[in-house]
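Right, I'll just put the structure down here and ask away after.
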Amino acid sequence: MNVTVTIRRRSVIADPHGATVARALADLGHQGVRSLRIDRTIHLEVDGEDPETVREQVAAMCEQLLANPVLEDYEITVDA
Amino acid sequence: MSEQAAIHRALGMTDDEYDSVIGILGRTPRPAELAMYSVMWSEHCSYKSSRSHLGRFPTEAPWVVVGPGENAGVVDLGDGWLAALRIESHNHPSFVEPYEGAATGVGGILRDVFTMGARPIALWDQIRFGPLDVPKNRFLFSGVVAGIAGYGNAVGVPTVGGEVAFDECYSGNPLVNVMCLGIMRRDQLVLGTAGEAGSVAVLLGKPTGRDGIGGASVLASASFDEEAGAKRPSVQVGDPFEEKKLIEACLELYERGLVVGVQDLGAAGLSCATSEPAARAGMGMDVELDAVHVRESGMSAAELLTSESQERMMAFVEPSKVEDVLAVADKWEIDGRVVGTVTAGDTLRIRHNGELVAEVPAASLSEAAPRYDRPMAEPTWLAAVWEQTLDHSEVPDLAEATLALLDDPSIGSAEWAYQQYDHMLFLNTVVGPGHDGSLLRVRGTDKGLAVSTDGNGRLCYLDPYRGGERLVYEAALNVAVTGALPMAVVDNLNFGNPEKPEVMWQFRQCIEGISAACEHLGIPVVGGNVSFYNETDGVDIHPTPVVGLLGMADPIPAVAPRLDAGSEGEEVWVFGPESIDLAGSAFERVIHDHLGGRPATATPEMAVAVIALAARLAADGLTPVLHDISDGGIAVGISEICIRSQVGADVSVEDWRLLYSEAPHRFIATVAAANVAEVTRLAADTGVAALRIGTLGGDHIVFRTAVRTNDLALADAGSAYAAAIPRRLA
Amino acid sequence: MNVAVVVFPGSNCEHDVVHAVRLLGGDAEAVWHKDTDLSGADAVVLPGGFAHGDALRTGAIARLSPIMQSVRTMADSGAPVLGICNGFQILCEAGILPGAFIANRDLAFICRMIDVEVTDTNTMLTSGAQIGQRLRIPLNSYEGNWVDPTHTGRVVVRYTDDPNGSQDHAAAVANPAGNVVGIMPHPERATEQLLGSVDGRVLLESFLASVPSASHV
Amino acid sequence: MNVTVTIRRRSVIADPHGATVARALADLGHQGVRSLRIDRTIHLEVDGEDPETVREQVAAMCEQLLANPVLEDYEITVDA
């Protein structure tokens, strides 16, 4: 099954990359950019039939490795 | 044009070259064979335009263990220690993708050194770009620096020095050269040989993908034009983590004596890593491409044979030791696959999907490569350029001129770049980036190794012979000021299109100059690299050979001279001929935007004497600061000492031009009053002129001359020097 | 042996740490990350480098190495546990120290001497130093920017001129007991005058003094 | 307008980090992971009325800065 994990930096945490990109865009003359956020999206192809079991398995991967709870929230979508 | 012709031409092969392949095989080549010959016979791999000239280099000395011809040169340091060194260019890949291009350049030069059995202990980068007011050049410069940092830091080899320079001629064609130094115990030396018949070829490291397919011919050996972008599929991606594991695994293999030979996979990938070791051993080899571990499915034999996927090594192993070798690979979490067997005879046989896809004389891929004696002609414009001298009748404001020089990005502090490099790892860096030469201690001995890398395209443009000669002497003086004596040279010859007689002439002249200087210093050239076709839309770069010179201090000075070691009250002396030479100088470039005249020739006897004196002063600890005089002359030299030592200076010279002269064989020293007698005596003994030009003190740099006196606030000099690069990137 | 220096694939500074510890009269040995037995060790150092190539997040994969269980056990038992640079990042990823690391404020790798100030001497790393003592130690990191939304971290060494945006200018952080400390700059790079500074000695000497059997070797 | 840019490394280009993460998941016992790809997703809030103009503007940002055209492909979605 195809699973997509979106990993989003908590808004309370500073984001040097986002800030730098936003500044650079402005320097390039793209004034109209109001806000900018960079997420990490992880696409996985996982064996399994039952979406729920797969989701749980991927949730475990997130807790163990894919996301850092101090910095990030994650969201799992199991594509049909 | 026949379809066949279309194919070999598309692979960058001329019709004549194609015919000689037919001559060798006695039949038309199979597709995989054609692919192999096309990469192995590319300029980058075969040196077909340069081989005949490289023979000019002096390569012999009692301490040479391995000269040119192997992956890296090796010299004997004594007490059972050897040093391996090599320099490589990654110019064109870095233009296509600056981060990955520079990163894979670092990965490649590291492999050349640890292939020999040595642990890489330091890197030096020599990078040249067009002016920073062009956005594309800022992008290339910051990308290349990030790539060197990203790879070098993560792989765990410190980058302890190098060069950064900017000139219009590099705008469409940046130069990215990297030098690596490694050390090993004598018994760990390994060569790129396949060994006896029956020994087994084990491919170690990353799986093979379609990286840099045809990279050797497409990227490294063809010129650029607007369509550079079309060559992008050839981009290679580096993985320092994999390389780090590969280094540790290989070093363990050497320590345990598990291999008979090793060959890294660089340009031409498997084609090179099978044919060259076999040829060196006078053997043949049977190779099974299906055994090669791959990243992508459905790769053709030609693709597998020419892929430039990074972080791969070919080890040649006695059958009884294959299991141990695979176990070591497993421990370090890298892949290892048995892909071939060395055979008696000289035939390289390659199978894929059970079919014979190549059957060629192994040696023919390297040794039978075409050699071109390309026509050479002195450029018709040269004489005219020599006429274009400036008379310097009007005297500049010495403070303003010096400030302008300090603010020049080729002269100002390169800290913006080198503070992105880990230059302290391994705890060996005694004198690091930001000085003339780097000095590394060799732990477990009293020895120090010094390296300086130097290039000067403008000098070589004005006079390639004198330019090449002066580069070697400058590099030698740079290592001497750390207390080391010159030992060996590697060179990286960055030139334009060799099909132009002027370029070939410049190439030959530089080689003559470099060779002459090495002969006078009694040091060999032990390796190097040639990069041709550095041109954009038909315009060649200045001839830009880069010399990497290794020196040894035995013992290492207790306290090596440093630019930041000067203090209030010390006298400032200049040693060497008091001569004025402004042709090709930074002063004429920055202040007059001029490039003309003929640079002064070197004086071998003086070079030798000055180098010996500098090394002696450093070894005896008589001079807290020793600084060679180069770009920007005495004015910039003393300013650098003042800025780094946080103290002003009051200097006076009769003729103001002496402040900016870049005449060779001169250095600045600061000397405590108590040591002046001893220092001047040593100078007299060696026949080197000594001129006292002032003292350190105060918070201004004062320049006094017969016609004019100006003074420069130390603080202003410092901020101009520090901001020269960053302010242009902001 | 008394000080175990853990080597992950991608670690770089293990030899340097072993060298510095021995120079200061301690006894150190490198231990492979797949080993799980640290029973012979009185103290542990997680050295600098790029464990697992910093894939995903720095320290993210290293924290899962078999040996980390024993490191955690030692930390809980009150034994000295020191994380330097990447080692500090791993201790945070493992939750042994609070907070986490993000990219330097200016998105550039920084390798240079920096000035720090000791602000807390109640830890195994700082016990021999004075409050307010200034030290010059090399920094060498891209992700040296420490963040701690919980504000529970105990900052024991601060940057005097913050190079990377670290919260509270933190250069070193300790657990409440003070036996676990992570430090971003490299004390092992400042133990010999020949290399430019000996200011790292006071830290490593404190660390060694706190190691039961290493104090007078 | 809200714009989402998905930046994907070309499949022919090596992805060292992705490979390392996949290996780590396997070591953790998550055998069922067939493939893994890490993308960047950039969420932008951009001034403008006409979706087409905004799309073009963002495309320019991608070419100039957001994506590395040598190694990556990008995909722009302008949310209504």
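First chain written, first letter: the chains are A, B, C and D, and each begins at residue 1.
As a working rule, contacts are C-beta pairs under 8 Å (C-beta built on N, C-alpha and C of every residue); 3 or more make two chains touch, one makes a residue touch a chain.
Not measured: the values here are computed from a predicted model.
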item	value
More contacts between chains, B-D or C-D	B-D
Chain B and chain D: spacing of chain centres that average the CA atoms, whole Å	37
Distance from the mean Cα position of chain B to that of chain A, given in whole angstrom	42
Cα-centroid distance, chain A relative to chain D, in whole angstrom	11
Where chain B touches two or more other chains, by residue	239, 241-242
Shared interface positions of chain D, touching two or more other chains	16, 20-21, 24, 28, 38
Chain C, residues touching no fewer than two other chains	52-53, 55-56, 61, 64
Chains touching one another, given as label pairs in label order	A-C, A-D, B-C, B-D, C-D
Interfacial residue positions of chain C with respect to chain D in the complex	52-53, 55-56, 61, 64
Residue ranges of chain D in contact with chain B within the complex	12-16, 20, 68, 70-71
Complex interface listing, chain C residues touching chain B	9-10, 12-13, 15-16, 19-20, 49-50, 52-55, 108-112, 138, 140, 142, 186, 188-189, 192, 194-195
Residue ranges of chain B touching chain C (in the complex, touch as defined)	146, 149-150, 153-154, 156, 239-242, 244-245, 332-333, 415, 418-427, 429-430, 441, 443
Interface residues, chain D side, partner chain C - complex	16-17, 20-21, 24, 27-28, 38
